[in-house]
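Paired with subunit B in one complex and with subunit C in the other, subunit A is shared by the two complexes that follow.
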Partner chain A sequence: MFPELNNLLNTTPDQTEQGKLTLLCDAKTDGSFLVHHFLSFYLKANCKVCFVALIQSFSHYNIVGQKLGVSLTTARECGQLVFLEGLKSAVDVFFRPQEEPHPLQFLREANSGNLQPLYEFVQEALKPMDSGEAAWRCPVLLVDDLSVLLSLGVGAVAVLDFIHYCRATVCREWKGNVVALVHDSGDAEDEENDILLNGLGHQSHLILRAEGLATGFCKDVHGQLRILWRRPSEPTAQRDRSLTYQYKIQDKNVSFFAKGMSPAVL
Partner chain B sequence: MAAAATCSTGTRSTGSVVVAASRNSVTSFQRRGPRASGTDSGCSRLVSIAGTRPSVRNGQLLVSTGLPALDQLLGGGLAVGTVLLIEEDKYNIYSPLLFKYFLAEGIVTGHTLLVASAKEDPADILQELPAPLLDDNCKKECDEDIYNHKTESNIKMKIAWRYQLLPKMEARPVSSSRFGHYYDVSKRIPQELIEASKWHGFFLPEKISSTLNLEPCSLSHSYIKLLQFIQNIIYEEGFDGSNPQKKQKNILRIGIQNLGSPLWGDDICWTENCDSNHSLTKFLYMLRGLLRSSLSACIITVPTHLIQNKAIIARVTNLSDTVVGLESFIGSEKETNPLYKDYHGLIHIRQIPQLNNLIYDVSDVKDLAFKLKRKLFTIEVFLRATSDAFLKQKERLHLPPDLSDTVSRSSKQDLAESTKLLGPGCGMTARGKKHLDF
Partner chain C sequence: VTPSEGVRRGTRRILEMLESLLALGGLVLLRDSVEWEGRSLLKALIKKSALCGEQVHILGCEVSEEEFREGFDSNINSRLVYHDLFRDPLNWSETGETLPGGPLEALRALCRRTHPGPVTIALDSLSWLLLHLPCTTLCQTLHTLSHQDSCRGDSSPGEQVHVLGLLHEELHGPGPLGVLSSLAQTEVTLSGAMGQASAHVLYRRPQQRPTHQTQWFSILPDFSLELQGGPPLEPQPYPDPRVPSMDPTTHLTFNLRLSKKEREAKDSLTLPFQFSSEKQQALLCPGLGQATSHIFYEPDAYDDLDQEDPDDDLDV
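Take a look at the complex of A and B:
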């Protein structure tokens, strides 16, 4: 978790908002540092987290998590974290077919696109317990990243439906949060990805968009982060206000600064 | 041990040790450096594999791509469990070289190979691998070349001195002599080495004729076959950690040629919207899953310039770890451009993976060009401006160095530069650096 990003977003692990969909998006750069932020943030906030990690292995997230001060292994052991490792499961589903439906069952199917098993997995993972064990604060679904589902042959509409279901259940019913990363394909004209991105942008409460610098690569500024709040209840001045910051990724932290105010420049 | 015997005749001890290590791969051949420095605890038990070293940055085990210059650009090497995707140049002339370097490095270090192709028989590919330049004969050739350039280099020193400050891509051959090797593309790899190596071939036309009774799946038939083949090898030979290996741990090097080309039965090359749009990406995802859980590294060459739908290329890039693009000058207007006349193409490092790290390290140098010399494939920092005064002036004005003023002087400069790069390229670091003193 990056304290500076928390300041920008006006949150701390002690007071998290509930019932929100946060869309993470990256264009011409890698936005996965945002995923690491939210993973460590919600683990520190004592939330029950279901992490659908489709692109990297558990050990990768675990090692980065340790740098950010959370241990995914312990969180998983004590039941706070439910981790779906997409890469490992894909191999299992593909080479060792089992009887019971797997969350990633669609990988085996010819006309794939059925994300219902995945939704059921999320539902099962985040279902509120009957106040027996340690009570976690609120359920959180984290997906890294949704674009992979498109590459695996799931249609954009199916992914949107999946998120809609999750939002209805996790955000609305259980007062939890959903955070999802989508790549912005930019010049590649990936129609399905655009549909997904626009559709999610329409539903989400907060959009964090990491962009590579338009002027090209720079050693001291890795990109810029645009923060877009969409809060229907606030007065118009506050609504849809967008903020842009530049950032530099460090070993264990990310520093944010106003545009053009990089320490290297000043 | 036939290989070791034949190759070690007349070589110094180090030269023969490399070959011997490839057969026996036991501790005595290991460099003390990486282990003593002990980068990460997770890797220490894996260090004993020949031809690997742990990454200083993320603790991953690295293997060499067979091209030490490329290793350095990729942050030390190719991490085990990741995919290196090569975007083929237009006429597919230089990408097979990188492919062969990767495989040849596997043979020299004694790794198991898995070669998959739809075009050539894997056995033929292996026959055409370049010969390794082991320390002794390398030295001889270096001397030869240096002798040729000697007179020139002494005169041109004054012009060349400022390039000392530039990061050199061809460096540290001494320290990485166990890790990466140099190859002579004009010679074939000795037959003994191939015979001594362990390899598996996947030649699509041979495999595809068999049964077609697979259950329906959105992956194309040839990709399913290949995945099953790879999975089978990984499982049977114990490259996945779950199945304890009886013998010494080893690395599986997978090379897949021209993936996505029509020969693989993929139609992404001629239609923009087709049913099998997801076939390639799905295959890559499965492959990534297989690699992540095993001691293997993979090189894939893809004819991206043939793929009609640009969205697929973006997705393919996202699903691979390291992506390197080759752009040859052949057939393009750059061929006649005086600026490029000493190079054969440009090399683009498009993506470097973030492994176990928040930071992804991007090399500072973006202008890289490659050149196929008589024996070596070299990667050099491509110099846009060549005149000192001119460059300084440009720097002061914050203008990009322009081409027009530089043409007249570029030839001398590049000559001097190539002599400088040649030394370290063949295992003569000290020489390469020090003979520039004046």
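Take a look at the complex of A and C:
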């Protein structure tokens, strides 16, 4: 996790908000550093994490996680992390008997119906243990990312329904959090992606949007992060609804600074 | 205008805005966006209706019942009936707890309600319904819903049905938006500037031209409405305690401050082109002990060594 981002969001692993949906999106840049941040953040916060990883392999996230101070292997072994490796298990769908439900069942269907099997996988992974003692703080669902589901043929409404059900169960019933990444292609032709992005935006409590700089690539400033709080927990507080910072990604850290205040240009 | 008159006028204006939105009856369309959300205005209208003694039915698809009822006191909450389409709208859990027939049946059930008296129906949200139901079916049902009083022959003219629909503009194309807009008697589009929300209201009174009005407002935590004059004149300064304070004066290659000794040395320095009398004397008379300078010159082969002053023949 990146301590500076924690400061900007006003959270620490010890006191995370619960029952929130956080939307991560990126436009003209790679927002995956936000995924790595939240993964290590919630693991350090002692939450039970279900990570639906459709983009990269387990070892990729593990390597980055080690730089940020968490070991995914250890977390998976002790049961804190449930990892769905999309790249590997997608192949399993075709070599298993059809009766057995698989979270990525939609890959088998000609016109993909819905993501109910995936929802049931998440439900199974995060449901509170009956033993009574709370081993982990709260359940967290992390998805990297949702745009690839559109590319795989799932409709935008089906993805929205999946997140709706995750929100109803993980956020509302179990007081956990959901974090999902969606790419904003900026392409005016991609209506499905726009519906997904805006639909999720309306459901979210917090939106983090990583954008490339309008002026192009830069060695010292990698992009701009816009933070939008949609449903603040204390309505009476004078809240900053929207903040914008620029950032630079380093090997083990991301540094944030106000616009134009990069140390390189001062 | 005395202060008390101003307050009375202000209170009247507040009441007028909510009342005028509800005055025409029928469908009130609230169009919001990701940046300017409309649920608080929806809840403010619901509160107003409940305080007027109406029963309010809410078809809740997007937020849970607890979250929707947050902020309302028990007086208002007792008048709200929440039809829960949030927990399990598509019957995935198959526990039988969900509303039978799904969203369409739930909507149609609201049309068939037989309870007498004025009623307000809130649809949170129309966008969800539009994404899950065919547009034509939804529009026909909405039309039936908002014209209920004409179906019941014995209803008194004062009893109107108010249908409040929350619609997320960015999710739909111009076709469905246009159709819903034409069904609405009152249409509110939410936007804002510099942290201040505004509502652009379009009234479609029967047999009259549509009228526009723009109102700046803010919703208080108890969902009452406060009118504002306009956007704040100057942009709110960023209170930025969270930015990691980056001192730009560190790691500079030049000195920004002088020590006392350095300042004294600087003050006592005479500038090269500032002629003080000592400097003048020093230049005119090379003093004792001053090293005189010699010029050593080896003439070239082509040099013309002439001891005459070349400027002698100038007639200046």
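Note that the second predicted complex is superposed on the first by the 246 of 266 C-alpha atoms of A that agree within 3 Å, B and C clash if a C-alpha of one lies under 4 Å from a C-alpha of the other, contacts with A are read in each partner's own complex, and residues count from 1 in each chain.
Please note the rule applied: a residue touches a chain if its C-beta (ideal position, glycine included) is under 8 Å from a C-beta of that chain, and two chains touch if they have at least 3 such contacts.
Being a predicted model, the structure only gives us computed values, none of them experimental.
K.L.:
On subunit A, do subunit B and subunit C fit together or clash when superposed?
P.N.:
fit
K.L.:
Is A:V148 touching anything from subunit B or subunit C once the two structures are fitted on A? First, second, both or neither.
P.N.:
first
K.L.:
What is the contact status of A:E77 with respect to subunit B (first) and subunit C (second): first, second, both, or neither?
P.N.:
Once the two structures are laid over each other on A, A:E77 reaches no partner at all.
K.L.:
Can you report the vertex angle at subunit A, computed from the C-alpha centres of the three chains with subunit B and subunit C as the arms, to the nearest 10 degrees?
P.N.:
After fitting both complexes on chain A, the angle is 110 degrees.
K.L.:
Is A:F257 touching the first partner subunit B, the second partner subunit C, both, or neither of them?
P.N.:
second
K.L.:
Looking at A:L8, would you say it contacts subunit B, subunit C, both, or neither? Reply first, second, both or neither.
P.N.:
second
K.L.:
Look at A:E124 in the shared chain and tell me whether it touches subunit B only, subunit C only, both, or neither; answer first, second, both or neither.
P.N.:
neither
K.L.:
Check the superposed model and tell me the shortest C-alpha distance between subunit B and subunit C, rounded to whole Å.
P.N.:
16
K.L.:
Would you tell me the residues on subunit A in contact with subunit B in one complex that are also in contact with subunit C in the other?
P.N.:
191
K.L.:
Under the stated contact criterion, what part of subunit A meets subunit C in this complex?
P.N.:
4, 7-8, 10, 114, 116, 119-120, 157, 160-161, 164-165, 168, 172, 191, 194-195, 198-199, 201-203, 207, 228, 230-231, 235-236, 240-243, 245, 255-258, 261, 263, 266
K.L.:
Under the touch definition given earlier, write down the residues of subunit C that touch subunit A in their complex.
P.N.:
It is residues 34-35, 37, 62, 64, 66-67, 71, 86-90, 92, 127, 131-132, 168, 170-171, 173, 195, 221, 238-240, 242-244, 246, 248, 251 of subunit C that touch subunit A.
K.L.:
So in the complex, which bits of subunit B are touching subunit A?
P.N.:
Those residues of subunit B that touch subunit A are 58-59, 215-218, 227-228, 231, 277-278, 281-282, 285-286, 288-290, 292-293, 310-311, 313-315, 318-319, 354-360, 362, 364, 366.
K.L.:
In their shared complex, at which residues does subunit A touch subunit B?
P.N.:
Per the stated touch rule, the residues are 30, 32-33, 36, 55, 57, 59-60, 63-64, 67, 86-88, 90-91, 94-95, 107-112, 147-148, 150-153, 183, 185-193, 217, 219, 249-252, 254.
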